[in-house]
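Shown below is the structure under consideration.
Chain naming follows the written order as A, B and C, and within any one chain the residues start at number 1.
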Amino acid sequence: MSEIASLITKVRERQPLIHNITNNVVTNFTANGLLSLGVSPVMANAREEAADMASVADALVLNIGTLTTPQVEAMISAGKAANEKGIPVVFDPVGAGATPFRNKTALHILEQVNVSLIRGNAGEIAYLAGADAKVKGVDSSFQGNNQEIAIKAARQLGTAVVLTGEEDVITNGDSLYLGKNGHQLQTRVTGAGCLLSSVIAAFLTVKETELKAAAGAVSFYGAAAEIAADSSKGPGSFQTAFLDTIYHLNEKELQGKIKLSYFNHLGV
Amino acid sequence: MSEIASLITKVRERQPLIHNITNNVVTNFTANGLLSLGVSPVMANAREEAADMASVADALVLNIGTLTTPQVEAMISAGKAANEKGIPVVFDPVGAGATPFRNKTALHILEQVNVSLIRGNAGEIAYLAGADAKVKGVDSSFQGNNQEIAIKAARQLGTAVVLTGEEDVITNGDSLYLGKNGHQLQTRVTGAGCLLSSVIAAFLTVKETELKAAAGAVSFYGAAAEIAADSSKGPGSFQTAFLDTIYHLNEKELQGKIKLSYFNHLGV
Amino acid sequence: MSEIASLITKVRERQPLIHNITNNVVTNFTANGLLSLGVSPVMANAREEAADMASVADALVLNIGTLTTPQVEAMISAGKAANEKGIPVVFDPVGAGATPFRNKTALHILEQVNVSLIRGNAGEIAYLAGADAKVKGVDSSFQGNNQEIAIKAARQLGTAVVLTGEEDVITNGDSLYLGKNGHQLQTRVTGAGCLLSSVIAAFLTVKETELKAAAGAVSFYGAAAEIAADSSKGPGSFQTAFLDTIYHLNEKELQGKIKLSYFNHLGV
């Protein structure tokens, strides 16, 4: 796991500029999380400049948490500029499966933009994979199921997939990491998933395989949550300690904390 | 007060989904406050999906803090869907009385949507009640006056009213609770009133009378503020401790802290 | 420096209402920072009411961090109302120089609105001054250069200029303060510059010269950051401690901490 742990050092050395077009609930937390990590956030979401901003960024994050029609246009414009430049695009399909507008938009973005990685919970990934409707909106379906859904989505959509939950599934459809870092208090802080999508985008800029980069980001993030929870009294102090830990946690300390299992040649 | 205190347990058991269409200053704090309480926030505010989201929620909060024309349309669309489904709708008329646009919008929402409860400060409630213009914008008018204004608004608009200030007035026009929980530091945190509106919405889902549910929410919230202030050095640490306390404060601890007086058959 | 230090007392006594039309990343932090300071924030950003709200405010802040076309219209409408009323207008040209849309908008606002003071980093101020393109986007150009750029911008645009960086330059083109308060952790909190723009606006309401008022705001803010950093473990706890310190730091404690140098009659 020392190779995985070393990615945090590479991310901090590279200091990438991450362009986030995200929901209005989590903009502040996302920007502060990226600044704590040591990378640069930019949040431009107007149609008039989204493509220009993506063109100077090192990675792009598209998050449909509080989507509106003008913002979706900005996402597609930025996504196309990112594709042209060849930088990674992370898609966070917040609430896919919940309303027809979200469903239509999520599929439209996937059609128009070449996405490198999708991060979502079980319900969102299941919706995108066209899985059995019973899975929709469910956060805690059993592990085997989550792995199957993530693999199905990755193969069908031709992207890497990170399905987060009690256990995190990171797959490109052929190989798979299972991650067990993290803490229950993450579910009590809004945008904990959204910030992870942006942290993954930062890790994707260090020229590793998407799978390793995502595994590095997910492990780093979950380990930081565990450390932060140790000195927290609840969701308020956890949020504060989490930003502090993202700032401090280094390769050496991370190395002993990573809980990842790797499976390759998954078969068809 | 043991019946009032027991509501917090019922809210946490029910885990309602609260749909908030609220201002862009407080979205993050509102979502984090609800997550700390143990309930689920959702913030969808696009016209294209507001009604669909309200239809799967357990309560709806409409807050005009940073209203725009498209957002008002989303509020009315969601409000009508909530009315059709029969779930509680809380209205927070932020800044009513301050600009013609806000005044027109507040009255338009009250015309189009059947609101269960209105929460505001003295100036906002006075504006809605059509009270003497001198009261407009005043936060700290004398107690008797605040009670009269709240009763007048409740009778005129046919809803429950929570008028918050140094003393909180909770009335349906016939009966009234006076609440004395709370702390001055709440006035130094933006969205302290807005989050209370959403917490009241959560309490309204437990099938109590609106008056009791609102009294329970207001007492819980004020008691949490008092406990949080005890370990705070200022508005920053208060905000952190407040979220922690909302997470921890249980029925048993709450019971000894509630400061409520009840008055019924107020007469006309 | 006792005269400069006394301004914080005057700001708190005056309790001005600061109207902010700002970006959606920093609305919450800006409002909480102003509340901690002891002044009143209002964030109305709809075209329909921006002018009405500016007309009842004591100062206006225009920040283009996440600008959209409707918001720019609201800014100009509010700016004209502020000019008519004669209240200070602070302009924060976030990201000027980064995209054509931002550049065009920044210049358009400066054409349409009579701005009292511009606060930005070296790259933003350089762009507005039409300085050598090499300076664009650079935050840490050498001191002499930053002073020249700030003076050039102030003379060319006919406004006071605050150029923030490791050393802060405050000038009206004729006289100049150099400020050395502040802490590196400010660069790890999103909106640290944006909130400073709003704090400067609050100081501009106490009827001092723009230069002295801005020097007072910048010193107060930087000193608060130094105190907060002393008890912080990282960007999360720094943010909390910073709000607490803004709330507590008084004239007397501030006096011994101000690091300002003054230069007048700069010549042409």
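Rule of thumb we're sticking to: a contact is a pair of C-beta atoms (placed from the backbone, for glycine too) under 8 Å apart; a residue touches a chain by one contact, two chains touch by 3 or more.
Keep in mind the model is a prediction, meaning the values are calculated, not measured.
Visitor: In steps of 5 degrees, what rotation angle do you get fitting chain A onto chain C on the CA atoms?
Guide: 120
Visitor: For chain A versus chain B, which are copies of one sequence, does the interface use mostly the same residue numbers on each side, meaning over half shared, or is it different?
Guide: different
Visitor: Using mean C-alpha positions as chain centres, tell me how far chain A is from chain B in Å, no decimals.
Guide: That pair's centroid distance is 34 Å.
Visitor: At which residue positions does chain A touch at least two other chains?
Guide: 24, 28, 239-240 - these are the residues of chain A that touch more than one other chain.
Visitor: Over in the complex, which chain B residues touch chain A? Could you list them?
Guide: Counting only chain B, the residues touching chain A are 24, 27-28, 31-32, 35-36, 41-46, 48-49, 52-53, 56, 70, 239-248.
Visitor: Spell out the part of chain C that touches chain A in their complex, as residue ranges.
Guide: 23-26, 28-29, 65-69, 95, 98-102, 187-191, 232-237, 239-240
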